[in-house]
Amino acid sequence: MAMLEVSDIHSYYGHIHALKGISLTVDKGEIVTLIGANGAGKTTTLKTISGIMHPRQGTIVLEGERVDTLPAHEIVKRGIGQSPEGRKIFGGLTVLENLEMGAYSRDNKVEIQRDLDFVFSLFPRLAERRKQLGGTLSGGEQQMLAMGRAMMTHPRVLMLDEPSMGLAPVLVESIFEIIQKLNQEGTTILLIEQNAAKALQVANRGYVIETGQIVLQDNAANLRQNERVRKAYLGEE
Amino acid sequence: MKGKILLLLALVAAVALIAACAAPTAAPAPTTAPAQATTAPAPAAFKCTDKLGCIDIAPGAPVHIAYMFVTSGDNASLGTDTRYGGELAVDDAGGKVLGHPIQFDGQDSGCTAEGGQNAATKVAADKTVVAVIGTNCSSESVPAAPIITNAGLTMISPSATSPALTDPAKHQAGFLRTAHNDKVQGAVAAQFVYTQLKFTKAATIHDGSPYAQGLVTAFADNFKQLGGTIVDQEAINVGDKDMKPVLTRIAATSPQFLYYPIFVAEGGAIANQVRDVPGMEKVVMMGADGIFTEDFVKAGGKNTIGMFWSSPDFSSFGSGYQALVAAYKKKYNTQTLLGPFHAHSYDAMNMILAAIKKVAVQDPDGTLHIGKQALRDALYATDMQGITGHIKCDQYGDCADPHIAVYQLTSDQFSKNLMPETPIWKPGGPNYTYNPNP
Amino acid sequence: MLSKLSDRINPMDVMMFLIGGSIAAVILIGSALTLIHGKYSSAQWFDLLISGLALGGVYALIALGYTLVYGILRLINFAHSEVFMSGPFTAYFLANYLGQSGFLDANPVVGLALIFILAMLVSMTVAVIVERIAYRPLRHSPRLVPLITAIGASFFLQYFFRGLYGPNIKVYPEIKVLDAYIHLGIFRIQYTQLLVIVAAGLMMLGLHLFVQRSRVGKAMRAVSEDKDTAALMGINVDNVIVITFMLGGALAGAAGVLYLLMFPQVYFLMGFIPGIKAFTAAVLGGIGNIPGAMLGGMFLGIIEAVGPSLFLDGLGIPAPYQLKDAIAFTLLVFVLIFRPSGILGEKLAEKKA
C-alpha cells in the first residue's frame, strides 16, 4: 500500500497554472525521486503536498487519510516532514532552537530527546555548534541543520528539496550517504534533485516532471538507461 | 532602502503628531437635519430682496439654530454647559418661535482649529440653519468665523474670549459674542494677584492656543504695569501629560504665583503634578474660565483646593439667573454647574430668537421668510437686558457687559464635587484676605 | 581622479551628514552652556531623569506591541493606541469603585492587581479582535491595505469606546500610599514613579525571557523570520500571531494603567499621543527589534523630560518645553541619518535583506 498517494493535483500561482495534474505514489520504505528542470514544478509539488499551497483539484492521501485540505502545521503532525529548498534555516535561532522548532508539534519529551541524539549522531558538527546562531553556519552545516530539523518532526515521509544544491562535491557525497542511512533506518523519502545522476543512484523509483506534468515514471535503474533522461538530465550524449 | 522607509515613516509620524497636538479629532456629531422643511416653494406674495438671501421655513417646519460646541473629549464640560444654556432658553421660549418649533442641534467642534473648521463647514452646508451659537474655544472661532460669514450666516459665541476675534483688523462680520473679551479678564486677574494677594513674582504657562496666549499676554502686560515681575513665561503643547519637567523649570525661577489659563487636560495635569515638584509646594495657582469646569477639578485632584479662577461674575448676573441655575440643576440632574458660560449661551439664544421675531416675514399660511442680512443687522442692533448683563453689540461683535470676578475652590466644595458659585472678589469690591486653605 | 571622487560622494549623503552634524553641534553647545550656567541642581536633574525614565518605561511597553506585531506581520498596527486606551478605560470603572469604597487605600496591592488584570484582559481581547477582523482576512493583500484597515480600526475603537463610556474625561482615583517619596541622600523618588519604572522593567524582562526561552517565544521568532518554514515545523502560524497580539495587548493594557497612575485623566482619545510617541520609539530603536523598542522608549522618555532644559536652556530659547516634540523628532531624524534602521536595527536589516 502506498504511503503517500498524490492523484491528479492542480495548483496555481494566482492565474498561473503551475501543476497540471501531477500523480505520484511513494511506498513505505522507498526513496522516490522527482527530477526535472528549473521551473518544471518540483518545488511546487512539494509545497502542495506539505500544505503551504493547496491544490484546486486532485487529492493527496497519506496512509489512507486525505490531507490536501489541511493546513501545513496539521500535515506535519500527520507525518510529512520537509527540508525546504534553500534550507530556510531560522538565522536568529540557535542550532538547538532550530531543531527544537522541528519538534514543535510533538509532546513526548523522551522521544524528542532520542531524535535529537540521533540527529546529533548523524551530524556531529551540529552538536558542536548547538549554541551558535543558525545564520552563522556554513552552507553545508545549514543543509545538515535543515535535514536534522526535518527529522525532528519525526516524519513518516521525509521530503528533501535540493539537499545538495550549492554544496562542495565532498559534502554532496556525505549528504547522499546520510540520505541512504536515513532510509535504512526506516524513513520513507521523497527527494527532489537537480543532480539527477546522484538522485537516481540512491532512489528506488523516479518521476520526471516537465512544465507541471509527469512525463516519465519508472524504477531508478530503467530511468538511468532512458534516452530522454540521459540527454536532458544526466548530461550524456 | 529600509532606512529611507523608516525615515519617511518617522516624518509622517512627526507630522501626524503635530497635527494631533493641534487637533484631537473632532467627533462627527449626530445631525438630525429636518427633511424637506425649506424646499416648499415660497408663495408668490413674498419676494426675497435680502442681499445675503433668505431662509424659508414651511408651516410647521422647525426653525433650525445650530451649535458648534465641544461635546467630546477633555473639554466636553465647557461645551455641554453652553448647550444646556441654549436648551434652557429654548425651554423658556416654550420651544417655539413665531409658531414654529425650535430645533437646536449641531456639531462637535473639539476645541481645536480643525474641529472648528469642520463644524463650521458642516453647519454652513446645511441650508436649514438660520443662525449659529458657538464656538466654545477661540481656536475654533478663528477658522469658523470666516466660513460662517461667507455662508451668509451669523454666529454668536458664548465663550470664545480671545481679543483677536473682535480685533478691528481681523473681525468677521458674521461673528458676535456674548462672552467677554479677555482684555478685561486678563486685567482683572493681574489686578487681583497684585493688589489682593500682594504677589510680585508670577510665572505663566500657555498652550499655544489663541485663547491662552491672549490671556497670558493681557495678564502679563497688566501685571508688569502694576509693578509686578513675570519671572518665567512657559509654553506647553496640547496633549502633553508630563508637566514635571516644565514645572521644574519654573521652580528654578522661584515664583510666588502660577497663572495657567489653558484647558482641562493640560491644566488638570499641571494641577495634579505641581505639588510634586520641589520649590512648587506653596505656589499659589490661578486659572481662567476655560478650566473653571467640573472636569478640570476632577482632573486636577486635591491640589485644586484653594486655587483661584477668573471667570464671569455670576453675582452680577440679572435677577433671572437664580431661576436659570435652578432649572439647569433640575433638568440635567446635577448638583453643580458644569462650566461658566451657560448664561452667555442662554442670552445668545434669546438674542437670536428676538432678532428672528423682529425680521421674519410670515405668510398667512405660517411660512416664515428670514433675510440673512436683516437677521445679522438685527443681531448687531441688539439692545436687551440679558442674564449676563446689558447686551449691546459694538461694530466688532463684542456684545457682552463684561463682569469678571475671582473664584476660589474650598475644600468643602471639593469634597462634595461642587464648583464655586459665589465670587470671592471682584474689581471695586471689598478687599479679599488670602486664605490658602478655605 | 576627480570624477571618481564625485562618484563616491553622493550629494544627498553630504547633506544628511551636514544636517546630522549641525544637530549634534547644537545639542553639545546647548548642553554645555546649560551645565555651565548651573541653573538646575543635581536633585532637579535627577527628578527630570526619573520623570523621563517613568514615561519612557510606558512608551517602551507600548512600543513593544508595535514592534512585536511588526516583527511577525510587517504591519504597523495603528490601532495599538486604542488597544492601550481600551483596557485602562474599562478598568477605570473598577478603579473608581474600589477607590470610592475605600478598598484601594485599604488593600492597595490587591486593588491594583485587580485593576491591572482587568485592563490587561480587555486590551488583550481588543487586540485579538482587531487582528481577527481587520488584519487576518487581509493577510495576503498588498501591505498598504491592512495599514488602511488599521487606521479604520483605530477610529472605530475610539468612537466605540466614546459611545460605550461617554465622551467626557474621567479621572483615576489617587492611591494614597503611592503619593509619598523615598529619599536617597539629596535625591528622591515618588513611589508612583518607582512603581512605574520597576513594573515596566519587570514586564520587559518577562517578555524578553518569554521570547528567548519559552517554546512559544521561540516559535514567535521562527514565524517572524519565515512563516512558511515555520508552518513546515508544525507551528500553527495563526495561533502564534494571535499570541503575539495578546502579548502586545496585555503589555499595552498594563502600560495604560501605569500611565494613568502618573497622569490620571482617561478618555477615549487618550491613546493617540502616547501611541504615536511609542511608535516613534519603536522606529527609533529599530522596528521589529524587541530590545530596540525598550531602548527607544526609554530614550524618547528621557529626551522629552531632560532634552528641552538640557539642550535649549543654555541657548537662551524661551519656553523650551513647547519644543519637546520637535526635539524628540529631530533626534529621531538624527539617529536615522546615521543608523537608518534604528539604534538596534542593524541585525534585523541584515537578516531580512
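A few comments on the model shown:
Think of it as A, B and C in the order they're written, each chain with its own count starting at 1.
By definition in this document, a contact is a pair of C-beta atoms (placed from the backbone, for glycine too) under 8 Å apart; a residue touches a chain by one contact, two chains touch by 3 or more.
In this text, all values refer to a predicted model and were calculated from it rather than measured experimentally.
The touch graph of the protein chains shown is a line.
When every pair of chains is scored by its C-beta contact pairs, the maximum goes to B-C.
Central chain by Cα centroid: C, whose mean Cα position is closest to the mean of all protein Cα atoms.
Here the CA centre of chain B is 35 Å from the CA centre of chain C.
Centres computed as Cα averages put chain A at a distance of 73 Å from chain B. Averaging C-alpha coordinates per chain places the centre of chain A 43 Å away from that of chain C.
Those residues of chain A in touch with two or more other chains do not exist in this structure.
Shared interface positions of chain B, i.e. residues touching 2 or more other chains, are not present.
Residue ranges of chain C in contact with chain B, taken from their complex: 39-40, 43-44, 47-48, 51-52, 55, 76, 158-159, 162, 167-171, 174, 190, 259, 262-265, 267-269, 272-274, 276-277, 279-280, 283-284, 287, 304-306, 308-309, 313, 318-322, 324-325, 329, 332-333, 336-337, 339-342, 345, 349, 352.
Against chain A, the residues of chain C that register as touching in their complex are 215, 218-219, 221-222, 225-226, 228-237, 347, 351.
Against chain C, the residues of chain A that register as touching in their complex are 47, 50-52, 71-73, 76-77, 81-82, 84, 88, 90-93, 97, 100-102, 104-106, 135, 149-150, 153.
In the complex of the two chains, the chain B residues touching chain C come out as 2-4, 6-7, 9-11, 13-14, 16-18, 20-21, 24-25, 27, 71-74, 76-77, 80, 208, 233-237, 239-242, 244-246, 248-249, 251-252, 264-265, 268-269, 272, 276-278, 295, 298-299, 301-302.
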